[in-house]
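Both complexes below contain chain A, partnered by chain B and then by chain C.
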Partner chain A sequence: MMSIILHECKKALTSPILIGLLVVFSAFNLFVIISSSDHKAELKIINEIIETYGLKITDDSLDEFNSNVQLDVAELNRMTASEFTSVYEFLDGLSFENQEKYSDEQWEFIHRLQLKEMYLNMAKSIDESYEGIDIRKLAAGEIEKYGLSGKAAETFLNENEKFFERFKEMVSNGEHKQWFFAGKAYYMHTFLFKTIFLQIIIESLLLIILTTALITTYEFENKTHLVAYSTKRGRKLMKNKLLSALAIAAVIVVFLFAITLGTFFTVFDYSHVWQTSISSAFNWEYNFPYIAWWDLSVGTFLIGVIALVFVVLLLFSGLTFALSVTVKNSYITFFLVAALFVLLWLLPSFMPKSANLLFVSAYTLPTLLLAVSSSFMGSSGLILFENFEWMTVSCWTVITIVVCYMSYKRFIKIDIS
Partner chain B sequence: MRILLNEVKKIFTWKTMLLLLFINSLVYFLLIEFYIEYFPNGSGIYSYNIGLEKYGVTMDDDEFIDFKKVYDEIVDEATRYMQSREEFVAAGLDTYELFQAYDWGNPSQEASALRDDVFFGKKTELFWDLQERERLIEFYNFRKSIPEVLTDNQRDRLNELIAEEKFGVYTEIVIRNFKSYITNVGIAILFSVVLVISPTILRDRSRGLLQLQYTSKKGRNLFKTKLLAGYTATFIIITGLLTVYLGLYSLNNTSMFFKVRINTFIANESWYDPTFFQFIMLCVAAIYLIGFIFVTLSMSFSNVVPNMVSLIGIQIPFVVGFLIFGLNRLLPNMILIWIPKWLTPFSYGGMVIVCIIFIYYLIKREKKIDILT
Partner chain C sequence: MLVVKDVSKRYGDFTALQQINLEFNTGLYGLLAPNGAGKTTLIKMLATLIAPSEGEIYYNGKNIIDMDEQYRELLGFLPQQFGYYKNYSPKQYMLYLAALKGIGKKEALKKIDDLLEKVALGDVVNKKMKKFSGGMIQRVGIAQALLNDPKILILDEPTAGLDPKERARFRHLLTELARDRLVIISTHIVSDIESIANEIIMIKNKQLLYKDSVEDICSTLRGNVFETTIDFDLLEAFRKKYVLLSEKQEYGKMIVRFIHKGVPEAGWKPVAPQLEDVFLYEYRDEIEGEV
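Presenting the complex of A and B:
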C-alpha cells in the first residue's frame, strides 16, 4: 500500500519538466522579492522604534518619542546652523548645491530623522483619521458602486452594521495603536499578501493541477490501464493515486512557501512586528485601513492565511482528481480546471444585483484565493462577511469529497477498454 | 492534399472545438467585454469625435482658431445659461470664467451643489463638452514641447513630427481603447491556437500510430504534412476568431477615425505614421505572426516531450513570459516612440528565424529517429 503510493508519487517527481517548472517558479519569486527590496534598510527603523517605545502607542510613549525627535531636530539645527522645526522644512528648502555640504554620516542621520518624523506624524494623526471614518457612509458608497438593491443591499447593510460594532470595539481596544511599517509608504501588506502570495498560489495551482492530472491519467495515457486495473489491487488503485496526488500537492506547496517566504523574511526584517495587530493604523494603504474581524496579530494572520491557502490548494488537487478520473485525459483536464477556476471567479458578475444569490456565488475557492490579502477582514468589499473563510472552505470540502466519491464510484464500474 | 485535409480534420475534433468555445467565452467575459461595453467611457463620453467631422483628419492653425472660436461660443452659451439662473449669480458664479477660476479645492456648499447640478443633473452635455474641448486645446497648446529625458532618436523623431505639423489633436480615448482591446484579443487568440495545435503531433505518437504511418508509402514525409496541417488549422482559427472579435469591435463605432493618422492622436507619437485603419491591419498581421510563432513552438515541443502534462508544463514559461514581457511591446505599442525603433523588427525577425531553425532541425531529426522507443 505504502509502496504503491510512493511509486505513484515517483511518476510526478521524476518528470524533469515539472521539476524544471518548480525551479523556474522559485527563481522568479526570489527575483521579484529581491528586485523590490530597495527599502529594506528603511524598514528597520520600526524595529528601533518598537524596541525603544514599546509595541503599543500610548500618550506617554508618544510624548517620549516626540521629545527625542525634537532633540534630533535640535541636533539638525546645530548641524545646519539654522532654525528648523522639522526635518521636512530643511529638506524642502534644500538647494541642489547644498546637498554636497553634508557628509554621508550626516545624511544618514537626516534620513533617519525624516523616517522618525514620518512615523511620529502618522502616529499623532491616528485619532483624527479614525474619527473621520464613517463606516455607514462607506457602506452606502459601496452599495452605489456595485449597484446593489433589494435583499442584497439589506444583507450588505446588516453585515456592515456588525462590522461597525467590530470597528468601534477595535478602536476602544486600541488595536490600531500599534507600530507597523508605514502602509502608504511601503505597501508591505499588499506586497506580501497580494503580490507574493498570489504568485505562490498561481504557481502551486499550475503545478498541482498538472501533477494530479498526470498521476490520475497516467495508466490511460501510457496504455497500461488494461494491465493495472485488472490486477488484484485493481481499480482501487485510484484511491492510492488520490493520496499520492495530495501528498505531491502538499510537497509542492510546502516547498514553494518555504523557499519564497524564507527569502522574504530574510530580506525584510519582521522580527519586531509579529505581535502587532493586523488592524494597525499603519497598515492603511488605500482608502481604508485593513480591519480584521478578530484581534489578529501579524504572525497569527500570516499563519492563518498560509493554512487557508494550503487547505484550498489541496481541495483543488481533489477537484482535479475527480475531473480527471471522469475525463481520463490530462490535457483536457488542465484546461477544464483552468476554465472552471475563471468561471467560478466570474460567477458573481453574472448574478442579479438584488438577491442574496450574489453573495452566495462569491463563496467560491477562486474568489477566496484571489482575495487572500483581505482574508478575515471586514474591509473587503462584497466578501466582507465574517463567516466567509470558514464557510467557503467547509462547503467546498464537502463538495470536493462528494465529487471525488461520485467519480470514484462511477469509475469502479465503467468500461475502461 | 487528401492527407492534409484529413490531418486538419483530426485537429478539429468536436471536443477541442467545444473547449475552444468555452475558453474563448471565458476570456471574452474576463478581458474583452469591458472594452466594448464601456466605450466611450469617462468624461469624453459626450464628445469623443469632437472636431473630427468638421476639420477632417488633420488640424492646422486656421482650423484651430476656428475650433477655439467654437469653444468661445459654447463658453458664451454656458455663461448665458449661468446668468439665467439666479442660484449661480447668488453664488458669485455668473460667468464661465468665474466658474473655472473658482477655488474648487474648498468650495462652499452652494457652489458644489451647483457644480454637481451642471455635471450630473441638468445641462450635462454642455459642461462636459467644454471640459473635453479645454483638454484638447491644452494639448494643442503644448504640441511643440518636447519632454526632457529622451534618447537622441526619440528627440529627432519628435522634432520631425513637429516639422511635419503632425500633432496630437484628436482624443486618445479611441486609440487607447483599441490598443487594450487588441491586446486582449491577442491573448485570447494565443491561448486558442496553442490549446488546439499543441497536442496534435504528440497524440499520434503516444497512440503508437507512427509505426503504421511511417511504414506506409508516404512514409516519414507525413511529418511535413502534419506540420502543414498545423499551420493550416492555425490560419483557420486565427482568421475565424479575428473575424468574430473585429466584428465585435465594430460595435464601438470608431470608423470615422479610420483615416486619422495615428500620430495625430494625443500622446501616441510613433516611429511610422500609418492611418488608424492601417494600424489595425498592422495589429492583425502581428497577431497572425505571433500565432504562427507560438504554434511552431508548440509543434516542436509536441514532437519531443513524453506526455501531455509535460507538453503543457514546458509551454507555461514561454507563453506567460511572452504575455508579461513581450505582448505589450510587440503588439499594441509596437511602433510607439517609447519602444526602441529596432525592437519590433528584431524581435519578430529573431523569433521567425528561431522557428525556421526549429522546423528545419525537426524535419531532419524526424527522418532518422528511431520510432520504436
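Presenting the complex of A and C:
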C-alpha cells in the first residue's frame, strides 16, 4: 500500500512541468518580497519601541515614550540650534541647501525621531479615532453600497449588531492598544495576507490541480489502464491515487509556504510583534481597522490563516480528484476546476439582494481563499459572519468527501475499455 | 475451473457478445476470430475490466466480480494495446506493477530479472522503454503478465509486433506455461495457436461457434477441401463459384485451394482441412469485408 503511494507520488515529482513551475513560482515570490523590502529597516523601530515600552500601550508607557521623544526633540534643537516642537516642523522648514549641513549619523537620528513621532502621534490619537467609529452607521452604508434589502438586510444588521458587541468588548479589552507596524504607512497586513498569500494560493492551486489530475488520470493518459486496473489492487488503486495526490498537495503547499514565508520573515523582522493583537489600531490600513471576532495575536492569526489555506487547498485536491476520476483527462479537468472556481466565486453576484441565499452563496472555497486577508474578521463586508470560515470549511469538507466517495463508487463499477 | 455462463455484453443498442457459455480448465486455449468479433470484449470481461450485461463468470464456483482481489491475484493479463511509461525502464515499470500485484520489492526484483531474462530483455533492464521496438515492448508486456506467477494467464494478441524468431520462442514459452495453468490467447493469426492450443474457441455473429480441439474443428470440413490447377484466365470465374482458401501461381497456372460441399469434379485433389481453412471459410464474409 505504502509502496504504491510512493510510486504514484513519483509520477508527479518527476514531472518536468511541475518541477519547473514550482521553481519559477518560488523565484517569483522571492523577487516580489525582496523588491518590496525597501522599508524593512524602518520597520525595526517597532521592535525597539516594544522592547522599551512594552507591547501594550498604556498611559504610563505612552508618557514615558512621549518624554523620551521630547528629549530627542531637544537633542534635535541642540543640533539645529532652533526651537522646534516636533521633527516634522524641522522637516517642513528644511531647504535643499540645508540638507547637506547634517552628517549621516545626524540624519539617521532625524529619521528615527520622525518614525518615533509618527508612532507616538498615532498612539495618542487611538482613543479619538475609535470614538469616531460608528459600527451601525457603517452597516447602513454597507447595506446601501451592496443594495441589500428584505431578509438579507435584516440578517446583515443582526450579524453587525453582534459585531458591534464584539467591537465594544475589543475596545474594553484594549486589544487595539498594542504596537504594530503602522498600517497606513506600510500596509504590512495587506502585503503579507493579500499580496503574498494570494500568490501562494494561486500558485498552489495551479500546481495542486495539475498534480492531482496528473496522478488520477495517469493510467488513462498513458494507456496503461488495462494493465494497472486488472492487477490485484484493481480499481482500488484510485484510493492510493487520492492519498498520493493529497500528499503531493501537502508537500507543494508546505514547500511554497516554507520558502516564501521563510524569506518574508527573514526580510521583515516580526520578532517583537507576534504577540500583538491582529485588531491593533496600527493595523488600520484603509477606511476601517482590521477587527477580528476573537482576541487573536498576529502569530495566532498567521497560524490560523495558514491552517485555513492548507485545508482549503487539500479540499481542492479532493474536488479535482473527484472530477478527474470521471473526466479521465488532466487538461479538461484543469479547465473544469478553473471554471468551477470562477463560477463559485461569482455565485453571490447571481443571487437576489433581498434573500439570505446571497450570504449562503458566498460560503464557498474560492470566496474564502480570495478574501483570506479578512479571515476571522468582522470587518469584511458581506462575509463578516463569525461562522464564515469554519462553516465554509466544514460544509465543503462534507461536500468534497461525498463527491469523492460518489465518483470512486462509480469508478469501481464502470467498464474500463 | 473458469466458467463463462450465459454471458452477453451490450453497449446501448449494440450487442458485442450474446449468450456465451464456456468452460476453461488447465491448458492452452486459443480464442480465434477476426478483428471486431468480440474477442477483446470477452477477454476484458475475464480480466474484470468490464462487467457482463447478462450472465456471470465463475472461478471455482465463485463469481469473479465478487472474488475481486482474490481473483485478480491469480490473473496475469496482457491487453491488446499494452501501455507503458515511456520514461521508465522495464525494471522500474515492472516494480510498479509488482506493487499493484501485491508483490514485495525484494521478491519483485528477483522475479523481474528472471522474467526479463526469459523474454530476452536481460541486457536492457535499465534502458528507458521509449527507445524500445514494438517487439521489445510486447515482450515486456508478456513478462509483466507473468510477474505474479498467475494461475490464469490471458494474452490478447500477444504476438503483434514479434518477429518470426520471437514468435517461435513465445510459442515454446506458452507450451511450457500451459502445463500447470490456464492460458487463454486471443488472436486472429491461426499459426500462432494451431500447433500449441489444446482447444480453439471461435466466435461468430456475437455467439460461440466452436470450442473444440483443432482436429475436431478441422473435421467439420473433412471431404470438402480440394486443390486443383486452373488457367489464370479462369480464376475470376472460379472465385465467384467457390470459396477460395488460397491461390498460388506455378508455371503460368494457378493452384487453388477451395471448399466445395457436394460432388467433386474430376481433377480435384481432396486435401486434409487445416484450421486456417475453417477460419477462412467461417469468416469469409467478415474477411472480405475487412479487405
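In this section, the second predicted complex is superposed on the first by the 417 of 417 C-alpha atoms of A that agree within 3 Å, B and C clash if a C-alpha of one lies under 4 Å from a C-alpha of the other, contacts with A are read in each partner's own complex, and residues count from 1 in each chain.
Just so we're on the same page, a residue touches a chain if its C-beta (ideal position, glycine included) is under 8 Å from a C-beta of that chain, and two chains touch if they have at least 3 such contacts.
Computed from a prediction, not measured in an experiment: that's the story for all the values here.
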- Message: Contact-wise, after the overlay, does A:Ile416 reach chain B, chain C, both or neither (first, second, both, neither)?
- Response: second
- Thinking of the overlay built on chain A, is A:Tyr331 touched by chain B (first), by chain C (second), by both, or by neither? first
- In the superposed arrangement, which partner chain does A:Ile4 touch: chain B (first), chain C (second), both, or neither? second
- Of the two partner chains, chain B (first) and chain C (second), which one does A:Arg233 touch, if any: first, second, both, or neither? second
- Query: In the superposed arrangement, which partner chain does A:Leu370 touch: chain B (first), chain C (second), both, or neither?
  - Reply: neither
- Task: Based on the superposed arrangement, let me know which partner A:Leu62 touches: chain B (first), chain C (second), both, or neither?
- Result: neither
- Query: Overlap of the chain B and chain C footprints on chain A, residue-wise?
  - Reply: 222-223
- Note on the structure: Listed in rising order, the residues of chain A that touch chain B in the complex are 15, 17-18, 20-21, 24, 206, 210-211, 213-214, 221-223, 329-332, 334-336, 339, 342-343, 346, 349
- chain A partner, complex, touching residues on chain B are 15, 19, 22-23, 26, 29-30, 195, 198-199, 206, 208, 305, 307-314, 316-317
- Mind pulling up the chain A residues that touch chain C in the complex? 3-4, 7, 14, 219, 222-234, 236-237, 413, 415-417
- Where on chain C is chain A touching in the complex? 44, 47-51, 68-69, 72-73, 75, 77-79, 81-87, 95-97, 99-102, 105, 141, 144, 148
